[in-house]
């Protein structure tokens, strides 16, 4: 099993701008890649977690006597066994490692057991007797906001309340449209289930954890706090990550696994099933958004007013940051001066929600794009025209007062998407698998109506609101081989290939070795917020440039030249003012140059009470046009084509970029027509892949994607993050296309068959 | 209980707990961890392997049921250090991101081409309907399968 | 847990007699999910994959007999698909290629989920379920076989050996609504069989009641409206009224997959469409 590897290719150089192959491709296609679930250790125990069956209950008593009697059970731990801080959390530390007296959501951990076999664990969990007294379930956001509702947590029932007021909030437009929009709870549903293996140090002085995560250093900090250890006593190694999409930003099994290992003095492995995974990680916030858009007679936006409510569930996770993103993106990618907006993130007894690709902007975009379509109808304009008339440009001011100084090719994204040819009219036979209903053979061509819809979005890149965000990388050059070290979590996005491309381009080497991804170097920050190309890419770029400078100094010294006149050309160092040409491999022979670089983005600020402040770093934009076929009578949908043009700054690896775009679109499609965690009064009804439906290959549409390349001067490589934008405006585009096909004012996503074909 | 089966061309005889799933047997008894578990409900296809030449999902088969059978897993595809053309095609065409679905996807794709050597894009979609991928949106996967078919393999 | 892998029906029946209540397993695509979730903890499993006679089928002008272990993949195309197009359509909607390679009618019958895709077809075709025990073979009409949600009239020492179906002459089809275009559990399904021999149109409904529902009152009404011994008339009004009557016989519920109202609506829509398809 090998997770880091070397690739050497001589025929064509895999530098920036090429579809360089992933270094992990060989291992991943041969079954050799070590996912976190693949690790085993000598003398290893298995761990498992006992979870609450109730969304809200008082724990009256716990009796583990029978469980202790089961042969093979090595330890059972509860809240009282947590040596350090009893709670954890990314922003607010409010989530108990184990519930103490009360459980606040279905699936909340209460105890963990370590035993010789998973089956022993299962029996032990079943043998722990817990008496619950069920409490009233707070499941409604409005009740949570209502100050007269008793708090279900000492920190109260509202994670954050934020207001934005800008310009003239009392201005009234010639045309006013209004709508209320609902968004269901989506799951990240990565395929690689949570798994970790902890190795205790002798005497329990420290612990090493192999885990699939998005952010090694933040995990380490939270784990160390809960273990009551110094962070350097906790060493994290990235186990192969089977997708993340935000769900691995919070702690899940990390602390439990370390505790079990330290308690037993033996390596312990914990591995979730799919069902447990649904309870073990946070989800995308469901929400309700009400907006009123004011425009003048020409369709120019005058004001956006309204409110947004996101349900954060039982614990804080990143709710406050998601809410910030949500409210600051209600404007959409449109120029407008005046606003009056208010937003709440609530605490309820529903499943905790936090990061998922798009992070609050998915919800905001679903609402503002619904509004733009209403505006188009009210003004008699096409969906394209109303968006073009309001498209944001570089230099425009956001509702927060922040000036958009990123490249902002919104109009170009819309125009280029609009220019993509529409797909051919359907030529299906009865019961064709390409018809809505697919293999169910429900539909005949005569039942199908085609619809077209639009979605355009703005997405902030990197972290916001004053977060001290940085990424570190180290580059070592020796004998023509570059070695890179970073703690950047590779979760599938392909940073490993990008890092190699950067080193090849900057240093003129072909062989780039990637060191293990662990905490033996400074933090790279999280693989989220579309930030790693910019942040860790910037760090690798910086480290390589420092190494190159020193190499130039060496060469200049030997040849008595000014290092400033040297450059890398292909795999050679050349004198730009003279005939010298030395291969990098030769110039670096016998040398060992090592440099570390810390990349920081420019600082941001918190919002004031009126929502004013430069809270974001930079922005990216994208347009989506969806074509759908709808069986209007049965309410079944087939998404035929998604056309998209995305503001990417620079294309660094065309096929990797396409993979992000197409993958994001599939997730946005899921939220549009099939993916929803169904929660009834705090109880999750569908925690399995049988009933939580992910798009299959038959559901995925044709994608025609155009990258819009306008070099972003703010970004180290001129390239913007590309991970999140693909999944944001595709959802409203698909829902708009369904509205277009059916004539129905659909205001919730995912759209269920009954929303299309039954009376409301 | 005792079972004996041929895995990747090698006869394996093992003493197992009767309740052992085939995928557990491969991963834990034989340390063939290339076959992944993604759902426990035979929905995702990550655990697809070949049982007597046919793609099946090994999370809902008891190892005991496979007694006497011939099994090929992702680890058994490369021959003499050379990748199977389907593996090569997935690598070359960026048919993977996180890689978790990849072994099952490759096994299903090989099975598909065995039944239909020259599939259309739609036929590839149909053939892979039982294998979920959360990263790629399937396009690069479908391109990989088509490229492999075109390569005459 | 102990696992037996008999190679003949007689061995399987003998093992079952010695282990009453043993769990019978062929593809395992449904049962093993229950085992994985710990909902089912069988003490004894009798695996039937090696019983080759269960994997056979015979087609004669008088009778079609399908072994309980024939996988769905073999119903999708070939002689069975030609003889029973509705079964082929239903088989095509089962899971994914891997599941269709493993899953069987015997499994559908053993589980008896109202959402089982093969069951409405067996109901509409008036199939007989053949149960084998030490006492011999007992043929049970499907309508008497399935008695509730995941309940059937099989006695614990009986093995589901095969189903027998009298060939019909006329259109037959199956359609199913799910929220995904493939690999999805039925929200509502309809099988319609037109048989000129018996001058009948039979309709069975899946996932809209505790058992598969035969819409017998609607069938009887249709018999008063059309002459089923010949081609059915492409009469839209008849189709609409027939569909309305069929839907009235559904007994759907609200659950996390759908609503009762939608399910009834889907049944009505699918029935009307299948009737009109049958007249083309």
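Order of writing sets the labels: A, B and C. Residues in every chain begin at 1.
Here is the rule we go by: contacts are C-beta pairs under 8 Å (C-beta built on N, C-alpha and C of every residue); 3 or more make two chains touch, one makes a residue touch a chain.
Everything numeric here is computed off the predicted structure, so don't read it as measured data.
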Partner chains that chain B and chain C have in common: A
Interface with the most contact pairs, given as the two chains involved: A-B
For chain A paired with chain B, centre-to-centre distance based on mean C-alpha positions, whole Å: 28
Inter-centroid spacing, chain C versus chain A (mean Cα positions, whole Å): 43
Residues of chain C whose C-beta touches two or more other chains: 33, 36-37, 182-183
Residue numbers of chain A (touch at least two other chains): 273, 275, 433, 439, 690, 696-698
For chain B, residues that touch 2 or more chains besides their own: 19, 40-41, 43, 126, 129-131
Chain C-facing residues of chain A, complex: 122, 273, 275, 430-431, 433, 436-444, 447, 633-636, 638, 673-674, 678, 680, 685-686, 690-691, 693, 695-699, 752-754, 757-758
List of chain A residues in touch with chain B within their complex: 1, 19, 21-22, 24-35, 37-38, 40, 119, 188-193, 240-245, 273-275, 433-434, 439, 491-494, 655-656, 658-659, 661-667, 688-690, 694, 696-698, 700, 703
Contact footprint of chain C on chain B as seen in their complex: 1, 17-19, 21, 40-43, 45, 48, 54-57, 59-62, 64-65, 67-68, 108, 111-112, 126-127, 129-131
Chain A partner contacts - residues on chain C that touch it in the complex: 33, 36-38, 89, 92-93, 173-185, 187, 189, 255-259, 261-262, 265-266, 269-270, 273, 277
Touching residues on chain B, where the partner in the complex is chain A: 19, 27-28, 31-41, 43-44, 46, 73-75, 77-78, 83, 87-88, 90-94, 96-103, 106, 122, 124-126, 128-142
